[in-house]
Amino acid sequence: MDILVIGMVRGALYSLLAVGFVLIFSVGGILNLAHGTFYMLGAYFTFIFYSLVFRSGQSGTLISSLILAVISVSVFACLVYQVLLRKKIESLVYTMVMTLALALFVSEIMSLLFGVSGTSVPSLVEGSLSISGVKVIQHQLIILPITGLILPALWLFLKKTKMGQSIDAVSQHRTGALLMGVNVEKATLVTSGLSAGLAALAGALIAPISSVVPEMWLFPLIKAFAIAILGGMGSLTGSIIASFVLGYAEVLTSFLIDEQLTEMVSLVVIVFVLLFKPSGIMGYKAA
Amino acid sequence: MALLLEAKNLSKAFGGLQALRDVHLTVSAGERVGIIGPNGAGKTTLFNILSGFYPPNSGMVLLDGQNILGKKPYQIVNLGLTRTWQLVKPFSGMTVLEAVSVPTFSHRAKTRSSSDSAPKVDIVGILEGIGLADKIWEEVDNLNHNELRLLDISRAMATHPRILLLDEPFSGLSPREAERISRMILDLNHGGLTVLIIEHRLRELMKLVQKVMVIHFGEKIAEDTPEAIIRDSRVIQAYLGKRSPEIGLA
Amino acid sequence: MSTGLRKITSRLFTYPPAGFVILAALGIYPAVSGNILHVEILLLAVVYAIFAMSWDILTGYTHEVNFGFAFFIGGAGYLSGALNIFLAFPPALSIPLAALAAGVSGILIGYLTLRLKGPYFSMATLAFAGILYKLSFILYKITGGEEGISGLKSLTSGPVTDFYLMWMAMVGVYFLLLFYSRSKHGTILKAIRADEDVAQSSGINTAYYKVEAFALSGLFAGIGGGLYAHAQMHTGPVMLSGSLSVLVVLLAMIGGMGTIVGPLFGGILLSILNEALRVVEAYRIVIYTGLLIVFIYLAPQGFVNLDFVRQSPWLKRFFLGKEVSHGPSSGG
């Protein structure tokens, strides 16, 4: 039962992370290796806004810090796209290397500003509950309803709003959308912000119950990628399902095998899927 | 004449689309065979299967009696079957000479003995005959579309093939250039090279080949001499239509 | 002069003069300068040059970006360290063995990733390195976890001799890789880089050459990693880290991918820059990584590949050497 809950929480968190990653890839063709960095910045910015700007102990300020953090990371991501990436977006090598270099750079800045051992952020909801005999930190449970609100909101945005529909069109067929008059660059810009915002939200939510350290960009990136290839790089529903699959796989590994191996799960997933999945990635020359 | 290439019951589907349906193909040693048909009929798919880039869903392919299904493309080249590419991007980032030298590193080129049944091929001669001799030191990226096409053909020739599959070799060439290529193919054929050509340029093709296969919606609907094909009512209806008067055989 | 020697000299004549210049400069300076600190800095620069060049022979010539290069560096470092500490192998034995192991794993990984392209290839390499990195913590009883393995036997008796050993390794790696890249192997890799299907259509077993390049890349990285570990007398998780992988990529790319000489310059000069920034020690890493980003932005293909270098006959000749063709008559 505890596995059920913890796995669900983890899956929900991962889905926030993965959806953004898949979105920016299918819309912009950008394999955003700085995605984990946006996640990390969500956590750090929450800390910054909370402890440095507001300096008060109320939940309200914490929520505002969180929201501010998400917004600022989104803006940052838009800037990154506009300044660094837009020029050479067709070159996959360039975007991969540039986003990775950025990840390294930001990581070093965080290390400089806040030290290697990390910082801490208080929880949105203090205390813990007991669910069928297992102590569950209440904050973790908050993640579920938040995700439950955000993801459908995202779906609505993509399907019902004009910008959302443009984004959807571009993700399906970039040239086709271009020919139909969609402002592809604008759509990509918005998607960058959106994608980063989701990652930042995940980071901000996890901040109180996990360590906030400068290296925390790498493994979320790896996990996002693992989920993306599990669920299909173009499918949002697929990635949500895959997020839960990974979440549960990790929790099960942790409980049943060895806690230390949890982080290996995503790596192993990547290796196995890439090496043994026979479709599409192995290109035969098109007729 | 011995059968050099033989394919039977070839079928290939992509998802719901049946690209090839039960196609038979025979090419005798020393023959010049053409394949024509509307776009999307399955001709390039056929080439991809023959040269090992796709596996068929069913059927078999025999090269000189030997089953080549399941072999990798480079292995098939080393057995004597080479193809050219319709969408041409050979070896950017290198010089022309470097590009044409690549096939010489193949197993086939290195172990060829003089008793081999493939025609003797002289790279410099090919480059001269094809008109690229003065561009030997040029970067491939600086060549124009026509030159790239010629380069691809030279590359294919440099593999010392016994049978050469040409995918729209005349595409984009002027009539004079096409004539030149045609003559070169004819010369190579007289020297022993078997050729199988996909083309839309029917005027040039019909003068060059001895036998024509017509593919339509993945099926072979006719196979005969060029003269007979242009008179075949099924072919006229499916493909030639108003084009028949253009194809003089003079 | 015998024909063999004549052939070698004429071939050397086509190699980039820039390479000779920088190798000579690096070889002479420590002998004339008494500054041990400088020698240690240059030793690190040489190490990174070895890494950058080894990385280039695969990615520069196939354009499949290897993001997990630390796998070979740290893998060899740890293996050599372990052989040295636990089995008392001398470095003269443990380093070559470790490098060999790295080369063999290059064959393995190369084979496993054969059919992967673009981002999938890159993420797979990242994943492999990540697995090894995690293992170094999980298997902390052998690897020392966070602390790594200390007390490795040093290479030679002093920093200057250590440097010259490294220097000789770098010279060896440089010439071997240059020779390789200008041989038929390099031509074939370039063909594969341009279009693998067309390369196959030319009768080339592309899988073999890709794996071969991977193995060579791993072997030389392993040599560098093993030497580095013993020069520091320590090996730790940082040698397996993603940061190291990324750094190597940046050094090679800023220098100029696909040239061998570009990464040589990138590795040496950027490492010296890193040290020069010690004046602002607190901000050094941040400034350094920031500068790397700026450099990549300004010259995505790298310095040696810049238009103004390529189009100027003098600069081109200096940095890239003379163009040599590899038709059948020159025995490729």
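Order of writing sets the labels: A, B and C. Residues in every chain begin at 1.
Just so it is clear, contacts are C-beta pairs under 8 Å (C-beta built on N, C-alpha and C of every residue); 3 or more make two chains touch, one makes a residue touch a chain.
The structure displayed is predicted, hence computed values, not measured ones.
Measuring from the average of all protein CA coordinates, the nearest chain centre is that of C.
When chain centres are set by their Cα atoms, the one at the greatest distance from subunit B is A.
Subunit A and subunit C have centres, each the mean of its CA atoms, that are 33 Å apart. Distance between subunit B and subunit C, defined via averaged C-alpha coordinates, is recorded as 43 Å. For this pair, subunit A with subunit B, the centres built from the Cα atoms lie 50 Å apart. Contact of a single residue of subunit B with at least two other chains is seen at positions 53. Residue positions of subunit C with contacts to 2 or more other chains are 197. Shared interface positions of subunit A, i.e. residues touching 2 or more other chains, are given as 285.
Those residues of subunit B that touch subunit C in the shared complex are 51, 53, 72-75, 77-78, 82-85, 89-95, 97-109, 123, 136-137, 140, 152, 155-156, 158-159. Against subunit C, in their complex, subunit A makes its touches with residues 31, 84, 88, 91-94, 96-98, 100-105, 107-109, 111-112, 218-219, 222, 225, 229, 260-261, 263-264, 267-268, 270-271, 274-275, 281-283, 285.
Those residues of subunit C that touch subunit B in the shared complex are 184, 187-188, 190-191, 193-195, 197-206, 323, 325-328, 332.
Subunit C contributes residues 63, 65, 67, 112-113, 115-120, 122-124, 126-128, 130-131, 134, 137-138, 197, 242-243, 246-247, 249-250, 253, 282-283, 285-286, 289-290, 292-293, 296-297, 300 to its touches with subunit A in the complex.
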